[in-house]
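Got some structures for you, see below.
Across the two complexes that follow, subunit A remains constant while its partner is subunit B and subsequently subunit C.
Up next is the complex of A and B:
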């Protein structure tokens, strides 16, 4: 290699540096956003499309052969009573838990919104349920609900509210509510935190004016506090509602969808199809159906209540 | 309303009672973990506290020692191969590896994307933001079945790396949105001043934005850690021998009975890191839980 060639190579290298594509420089959004986008596309979007694709295959349980037959799983889904039972359970679970969490969250936030000594500690303690792994929460309540030595069951027996012959989680009429209570315990603090942030951000003047005009606290709450916090409340309902709709952990750990299918939510049913009958295409169909339902409900909610992030 | 001494007192009492109700299940669980087996299963003395505290449950779950109780030994041979199947050490290590790994990945990826979305003007940035947000609301069940197949093909199934990727996927949208809200708080003038002085964007990011967003990064990392640490569904589907604590703990429930002593010991231990962390980020908690939508 003579000097001229080396020079030429150097120059070419130099030109390459100059010709460094614009979209690879830090001025362009591409390098900044590429890792996040790649992650979300490869492990987020692609599996969703894969799920959708799977749902078009009919699986023969005996031969384990999957055949392309687009309408098979979807017509099965429409005729499957367990899916519609699961829809009812999921919607009941979501709405009951949401209403209780919202109301309790607001009341507790109003109660704890004080600058007096000690309230800071109480507010901090209130956040503790949020960090308990939901599977562990399920265990915690499974222990307390236990028919023979559970503390909650024990107290309820003594008060005569339930009978020892009908254990909370094994009785169709109480099982769902018992699981909802677990959700309420874990996630009411989430609402409390958001409501507290909302209460703290309220301007003082309107309340002083209302007090001068002789408004009671209750009037001030309904006429001022609630309307001024409507945006925050809508946001909290959206975030919590979507998480509630995909509930799985408590159901799986505590009742495994039982007794019968009394606590079988959509996600739990998908899990059952996946683990017990290994019908992956049908499990995918139920999963995609769940996704579509969430998308529709969430988007209607966002439009109606004009939620903005 | 706050004027009379009585109402102040009544409010204190009510507040303490309600907070106590929310702390009670954790306290009861922790109490169960130091009870001997005879006291846990005593149906006549459920709320009576006459037992001798024992470390037995922690000895078995955290240090992997054999249970003293011989009758327990004969029952403890299900699931994992050999040794003491109530040994929680493996699951603690798995949980730590996965949580730390996915926290680092998600925070790193998140801060890059957050800077791009916060500082660079480009077409479709708003759409991009909404798309990332919508990923946060994706039900894990919709991706988990293909993910099992994809991971199997890539050899990622039942590996720490696979679970790290899965948890990163869950955490990336949160990390991006949260970090963006923190970077948005830093005035643009600072970037521009630095760039007028001849700094490139990368230098601005590294030398100006990163140090100023340290607090936000810490809060983001803590939340990512907690989400990974508590995650159940993905871990359940994607692993079989590597078990994180939430999955491991459910294996203590068997058809022959539940080992409440071990469950409560490992469960109580699993709650502690979260407690410490959440107290560190109290100030950013609301912002974190709403992905930056509500600033505190």
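Up next is the complex of A and C:
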């Protein structure tokens, strides 16, 4: 018997009840790390590195020949106005949606933070939008926004807020906000969940002490709740922010970046370059640029707000 | 400063009544300790006085003002919590200044009050630290500082020393008492620790199951427990209690415990044949030449005194002696109860049998 077999027997009190193959009882980290590492390398690291590599090639759309020319795509990106427009749209989309979701999420969480009868059901119902696939949500709102039979448009016409000549999704000034509202509908519950988890974990005593110290509920919220929740809020902003930055599905389904490029985000533009122009190297360049932008913004945020995981 | 008057206070959680018609009168400047085992309602009573819990019926007045339904912030009270309840994201200075910041007190005045409180509690070096950078005792002091800066009418303490180690607890006990002697603010203090209650209180209020069992100065309660519960609860080691019966012996009544006949105080309002519990505190059961023969089971020297745990006629009893004798387990010792300090409780009602006047 070798050492491993002896160990195996020792551990089971000398009796072999279940004969696992030896590699399944290994104490060496490698067999355990291998599957996850392999997945990460194949589906994560390799595609990123390949994209980076691809961005150094110039593609001739006519001949479909790709030639190594490292600066070509990167200088094209810097001069490409559509990229910078997309950056503006993406940042607008992200920041507006984030602020609304954060404020609404906190407000709803405060309302649902109660042990009274029925609140558990309300909290559970709150999560329903999260289970709808985003593409389906997009389709649903597409119908509701429709200029001729959509319920939302209809109500807004009746209230005189918008004109029938300017359908919500087909008008430059309203299209982006309309898409943001869909995002808010679907993802605010996620914020609510995080905020609720935070609120319910807050210690009760400081609030009682504050009540005795003379704080009103509103003073207690701004002087205690918000500062005590700051870490959780920062984490929520980070998670949702990264998620919002790579928005694709709603834009693709509802406006396809239109009207014109009014709702063209970075990922949407990447998709257009890739699928419509078939310029794979340039699409890779835009994708890598998007990744770098997110990484920089997220890391600056983590540093500034001292987010801890 | 103000008095606190609680009248016929009832507190229910749903159908469960936790405080049953409590009457309590705390005089201006008094230090009153609510003492009792866990779940006796002492914290609920304190929190109801604070306004953190609403009362079901009954009245609470602070000073001359009826405060039923008044928000805690409008009662002019200060409270110290068991786990300090400090504001973790604020420095010590801001923790202490918080209430005055809320009431828009001028900055100079806040500064002056915080410095005054910090000097009383020796907190000056820690004013710019966060609570997490302080030890348990320092945090407790900050919590007290937060209470005293405002000059409230009443201090409420909810088991403030429970989270401290034994040595610090003794030290803080003295500090709180000193503080009270200095500020003379009416104080209601909750604890389950009878030593804290005995050492600090002007008046001890003993509670059980939502009732007040007895109220009085510490020594009154120690010397004249009104019932069995109070007798057992106060004193460590606890009072020895022997089950027996009153019998006549010559012209005197004595208590028969198994084969023993124990002496009773004069003028006891008891009847022959009455089933009783014969109570004697360990320090009143003293080793002497011509006492009751008991077998020592354990000897516990504590330093100043020695605790002798003995078997006496089928009962376990404890005697305390300040003499340093070389007692050993299994030895026979002769113990004599000091008859003036004997307590007798009716076995049916648990109430103390009083002396005739």
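Going forward, the second predicted complex is superposed on the first by the 284 of 309 C-alpha atoms of A that agree within 3 Å, B and C clash if a C-alpha of one lies under 4 Å from a C-alpha of the other, contacts with A are read in each partner's own complex, and residues count from 1 in each chain.
The definition used in the following text is that contacts are C-beta pairs under 8 Å (C-beta built on N, C-alpha and C of every residue); 3 or more make two chains touch, one makes a residue touch a chain.
Keep in mind the model is a prediction, meaning the values are calculated, not measured.
*Asks:* Sharing subunit A, do subunit B and subunit C clash or fit in the superposition?
*Replies:* fit
*Asks:* Once the shared chain is lined up, is A:212 touching subunit B (first), subunit C (second), both, or neither of them?
*Replies:* Only subunit C is touched by A:212; subunit B is not.
*Asks:* In the superposed model, which partner reaches more residues of subunit A, subunit B or subunit C?
*Replies:* B
*Asks:* With the two structures laid over each other on chain A, which partner does A:112 touch: subunit B (first), subunit C (second), both, or neither?
*Replies:* First partner only.
*Asks:* In the superposed arrangement, which partner chain does A:227 touch: subunit B (first), subunit C (second), both, or neither?
*Replies:* In the superposed model, A:227 contacts subunit C only, not subunit B.
*Asks:* Which partner does A:300 contact after superposing on A: first (subunit B), second (subunit C), both, neither?
*Replies:* Neither partner.
*Asks:* How far apart, in Å, are the nearest Cα atoms of subunit B and subunit C after the overlay?
*Replies:* Scanning every C-alpha pair, the shortest subunit B to subunit C distance is 9 Å.
*Asks:* Sort out for me which residues of subunit C touch subunit A in the complex.
*Replies:* 50-52, 71-73, 75, 77-79, 81, 83-89, 98-99, 102-103, 146, 150
*Asks:* Going by the contact rule set out above, which residues of subunit A touch subunit B in the complex?
*Replies:* 26-29, 31-33, 35-37, 39-40, 43-44, 46-48, 50-51, 54, 108, 111-112, 114, 116, 118-119, 122, 124-137, 139-144, 148-151, 154-155, 185, 188-190, 193-194, 196-198, 200, 217, 232, 235-236, 239, 242, 245-246, 248-249, 252-253, 266-267, 270-271, 274, 280, 283-284, 287-288, 290-291, 294, 298, 309
*Asks:* Using the touch definition up top, name the residues of subunit B that touch subunit A in the complex.
*Replies:* Counting only subunit B, the residues touching subunit A are 1-2, 8, 11-12, 14-16, 18-19, 22-23, 25-26, 28-29, 32, 40-43, 46-47, 108-110, 112-113, 115-117, 120, 122, 125, 128-133, 135, 137-147, 149-150, 165-166, 168-169, 172-173, 176-177, 200-202, 205, 226, 229-233, 236-237, 245-247, 249-250, 253, 258, 260, 263-264, 267, 270-271, 274-275, 277-279, 282, 285-286, 289-294, 296.
*Asks:* Along subunit A, where are the residues that touch subunit C in the complex?
*Replies:* 203, 205-206, 208-216, 219, 223-224, 227-228, 230
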